[in-house]
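Okay, so here's the structure we're looking at.
As written, the chains take the letters A, B, C, D and E, and residue 1 is the first residue of each chain.
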Amino acid sequence: MADRKRVTGPEKSVVPLLEPGSLSAFTFDPEKRKDGRNIDRIRPVFMKTGVVRQANGSAYLEAGKLKVACGVYGPRQTARSKISSRGILNCDFKFSPFSGGRRRAYIKDSQEKEYSLVLRQALAPAVRLDLLPKSTVDVFVQVLESDGSAACLAAAITCAALALADAGIEMLDAVAACAVGYFDSTICLDPTDEEETYQSGSLVLSYMPSLNEVTHVIQSGEIGTTTTIKALELCVDACAQIQSVMQQTLAATIKEKINGA
Amino acid sequence: MTQRTRPDKRHSPNEMRPFYCSSALLSRADGSVRFKSGDSAVMCSVFGPMEVKLRDEKLDKAVVEVIFKTAAGMTTTKERMYERIIRQTLEASILSGLHPRTSIRVTLQVLTDDGGILSTALNAATLALVDAGIPLRSLAASVTCMIDDTGELLLDPTAIELERSASVHTFAFDNVSEGTLANMSTGLFTVDEYMRCYETCRLAAVSVQQLFRTSSEGKVRREYG
Amino acid sequence: MDDSTPASVQNGMDVDTPPSVTSTPAVFSLDSETFKKIHPTEYHRRFLSQGVRPDGRTLSRFRKAKITVGAITTAHGSAMARLGETTVVCGIKAEITEPKTGAPRDGFIVPNFDLPPLCSPQFKPGPPSELSQSISEYINRVLESSKLLNLSDLCIEEGRAVWVLYADIVCLNYEGNAMDAAMLALVAALKHVRLPTATFYEADNAVRVKEQRTIPLKLSRTPISVTFGVFDGQFILADPDIEEEPHLSSQLTVIIEQNGGLCGMLKPGGSALGQETLTSCLEAARTRATHILGILEGALAER
Amino acid sequence: MAKKGKKALEVRDLPPGEEAASSTTKTLVIPGDHIPIKIENSTGPARVRVGPGLHQEQGELVAVKAGILQQGSQNRWWVEGTQKRYVPALGESVLGIIASKHGEFYRVDIGAAHPASLPVLAFEGATKRNRPNLEVGSLIYARVSLANKDMEPELDCIDPATGKAGGFGELKDGFMVRCSLGMARRLLDPRSPILLRLAEAFKFETAVGMNGRVWVNAETTPHIITVARAIQVADGAAAGDVMRRVEQVLRTLDDFMDNS
Amino acid sequence: MNDIVTPGQRLAHAGDYKVSSGTYQKDDFIYASVVGISQILPPEKEGESPIITVTRHKEFNPIPDVGSIVTGRIIRVNQFSATMTIMVVGTAPCKENFQGVIRVQDVRATERDKVQIYKSFRPGDVVRAEVVSLGDARSYYLSTAKNELGVIFAQSMAGYTMIPVSWEEMICPKTKVVEHRKCAKPES
């Protein structure tokens, strides 16, 4: 059924095919990644807090072409008659219609629903919900441009953790997340969309570097245990790098405020 | 000057279509009206002041809800925009502060659409509010006009005429204020054309106001002799 | 940071203390923040009656506009527009579809404006608000009725294949005046669109395109949206912000071109507006449109 | 409860000043019309009292409803319209239906925007130990004891003049009909031709609520139905046509009685 | 050690300090739980460990707690209680309001059985109150049973801001009509 709450176009449309021959040849070679990275390297990441003024906390994350924004609202009074001594963490993950290969509809699809759930599972263990009775914290993630679905999920988790910290919500640690792709026996950190089409599996790790605790792991594909362990080790190192960028970003905000005042 | 006869046999570009209204058709509603302007007709019912949903409740005034349905019963973005314009226009008229924490619901059902449906709906809503005895600061009367591809201004155009429009202008005026309560104009037009449309619609709105008075009079006289 | 208000004006006005707060008949003198929270309309009224707005702007002053194009590589055209801190991103994606039988050469343009819950606490998750639906619809009407695009330019093969342009406008930071920001991002993104050369192949009933995107859209004009707020039926506020919006008695949007030609007017109800006020708003809108067009051209040239 | 037999005029007294419009010419007003009456500085007996349908705006009197401008005694002005939705006013008698029971009060539907509350102690002779026992769905005749736009309306079942029930309380048996607010007001007029005509034909009792509800009881069901029908057909009929329609209803009753 | 710290940052060994707001203890260490400036405060009592705390870098969305003084507007009244929307906690305006309720027994400290809600609060009144408990699922329970608590701003029926004339009465400056309220005593 057509979405009547939006301006509707034609019933069906398709992404055009590329002319044969015009397709620039691409084959995945772990030694020669298109953007020049080594396989154990993440994309350089840029972060910023306080991008949404009306939110209690917010963050923007850019890694290569990947662009994610997150707003945190709350703690706000929990709606309806749900009384709880612990707070509630709601997470909402949304791709912008123009963020990927084909135009996405506004109504949440199964991938967005799944990612919303993962987001909450990955963040909730770190958030001190025991200190927020009767309250709800809402986390909204909006992807502006995606480049690698696993990497996008990881970026969303990191960005949301940063926004939660910016909102002043008490946390055990700033959760950082990163993704790897499996290419036969090769493990490659932070794969792009193009690279993902060649992978045989993937893993996303959400991790609290300071406490050395994992909050969430999601893996797909037929992967041996030793390879998985190796991938986890790679991710743990990458998460520590990501967290240090988070810490610098948060500290810079305070310094700016102190200097500004 | 050569006068073209308009598709619906009107002789002047400045002529409104004949309009009628009949009220108190729906016995369950607190007020109801059928308003017809040429072949555009809208049925409007008003409920309230009545109990309001807690989450919509306003501390200091009544909440005005407007529901606009096409003949086919559809509600698309177009109807939502109409609902917003009509609601905010009525809000300027309704003395909502007299009924805090209540709701006034205005339901508009298009019966037939032959152009100028937003104006027809607004006029129906105003009359239905009067019928329901909702306290009103003023009465909003709406008129639509267009400028055709030759630059001629046509008052109250029909659907066929609208096909040749370069721009379409809907205005609402009340019987107490200087100026317009609501306006939606689309198409390509100049400031001069816009001001001409404003003035033409303002004058035409006076005749709609006259209808408001005679129809209220008819109804009250009938009941009270 | 992005506020174009000269620092002197901003500092000269003691923003923390609304004028004559202490002269309230109330026995309790409330601190400024509490007063603003509890009596917001009165808070604004006291500023406006002195010819200044709480953010330091004069009544006729617009916020600083900023445009960047081309940030979204997954879109065929994209732009980010900022009005003060209101930030919207428009991404235009082109896909292939069949034309309507009545108009075999005409393509489609489908604009939608979204106010996701991310951008402000006033928008909840779920179906789009009445405000975003109304803005989407009005923008759609303006595009259609002003013939901004010749839809037959989007024809690939008559009766078989045409382009459909999905113009999705997403608000990331809502600080008021969604309409102007949305229109600006949309027009900038349309000007940034580059389509690939497309060919229809009868054999497999499919369209194939070159990888390079080179063909710009031909826009007949550059409509600029300029919105005014009306406070108490008498103060006209250029480019109202999020703190002013809930207290306005009416709003007026003018869609105007540089030469003063109009593509739309929208006053969705509220307090009455006289002819003289309309005339002065049209004047101010024209000046503003000229200014915005300069910024837009600069942004497109920078690309 | 007191029996209010035979005639409607025995039901209750009319509020002062509403006996009849003293003006003979009927002026029709619509919202936005200015009423050329000076209200500034009017004090004492000449003070203008503003009733429903009129609003004071910057020292001027403006109509906010469509209807006939009426002047009552004590210089009271109001607009007589055709409203159906009841807005509670202090001292008015209403018919209500018990919607729910709470510890200290009942919640009563009186057809207004908000349900009214009726304290259990607001009955003649009621004490903490001796409280009335009304069931959900019971029909009551009550007086509006608190009406304010900021608060839920409150009712009581005591006549303030006597401290007695005075006809207020539960209405058992009988039948309730709805009518317009204007009709209810006209039925409360002791000279109401409709009820006078019906009273000529047979005995019945009524309780008229200003909220557009009328309770009717008589010896037999056909008689109850006749009164109810007469009120309904008269409501909304053209002024000149009311009595003809009432006669028609009475004839139907005669036919029915003859046949049975 | 006034350092900028971020959540999860290890601040000290567990035994050395007493944990306070913005910090937590896990196993052998004390960590920061918010972004802010870490501070060591002298012990509350002699012989105790000094206190470690992290002060948030920006205004936190205030949440009412037991004992908080809150300011807000009355939205509804009935015989048993007045419902209030809490708009300010302490001196911090809430980004999003909370709901509180003043029950009839919590209006004033004396002669509680004689309190009538209608004579204490009207919708639209601005009231200062104290949070007495987290209340039920919907509302915080509030009390105005102190001199400095109660109505601080009210409009008369005629629409003018009234002036308090006693603990129980306010007067309309225009119409001179006296209305009943539970007034707060203005701070001198």
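As a convention for this text, a residue touches a chain if its C-beta (ideal position, glycine included) is under 8 Å from a C-beta of that chain, and two chains touch if they have at least 3 such contacts.
From a predicted model like this one, the values you see are computed outputs, not experimental measurements.
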Treat chain C as missing and name each group of chains that still hangs together through touching. one piece
Ordered by label, the neighbours common to chain A and chain D are B, E
Between B-E and B-C, the pair with more C-beta contacts: B-C
Computing the C-alpha centre of each chain, which chain sits at the greatest distance from chain A? D
Label of the chain whose CA centroid is most distant from the centroid of chain C: D
Using mean CA coordinates as chain centres, what's the gap between chain A and chain C in Å? 29
So the centre of each chain is just the mean of its C-alpha atoms; given that, what is the distance between chain C and chain E in Å? 40
Gap in Å, rounded to a whole number, between the CA centres of chain E and chain A: 37
With chain centres taken as the means of their Cα atoms, state the distance from chain C to chain D in Å. 54
Junction residues of chain B - those touching two or more other chains: 77, 80, 100-101, 174
Which parts of chain C, given as residue numbers and ranges, touch two or more other chains? 121, 133, 136-137, 140
Give me the residues of chain A that touch two or more other chains. 5-8, 54, 73, 76
Touching pairs of chains, which are they? A-B, A-C, A-E, B-C, B-D, B-E, C-E, D-E
Show which residues of chain B lie in contact with chain E when the two form their complex. 57, 59-60, 100-101
Would you tell me which residues of chain E are touching chain C in their complex? 71-73, 87-88, 91-96, 126, 152-153, 160-161, 163-164, 173, 184, 186
Which residues of chain D touch chain E in their complex? 104-105, 117, 119, 146, 150-152
Hey, which residues of chain A end up touching chain C in the complex? 5-10, 12-20, 22-24, 51-55, 65, 67, 69-71, 73, 76, 92, 94, 96-103, 106, 138, 140-142, 144-146
Of all residues in chain D, which touch chain B in the complex? 26, 28, 30-32, 53, 55, 62, 64-68, 80-85, 87, 113-115, 149-150, 182, 236, 238-240
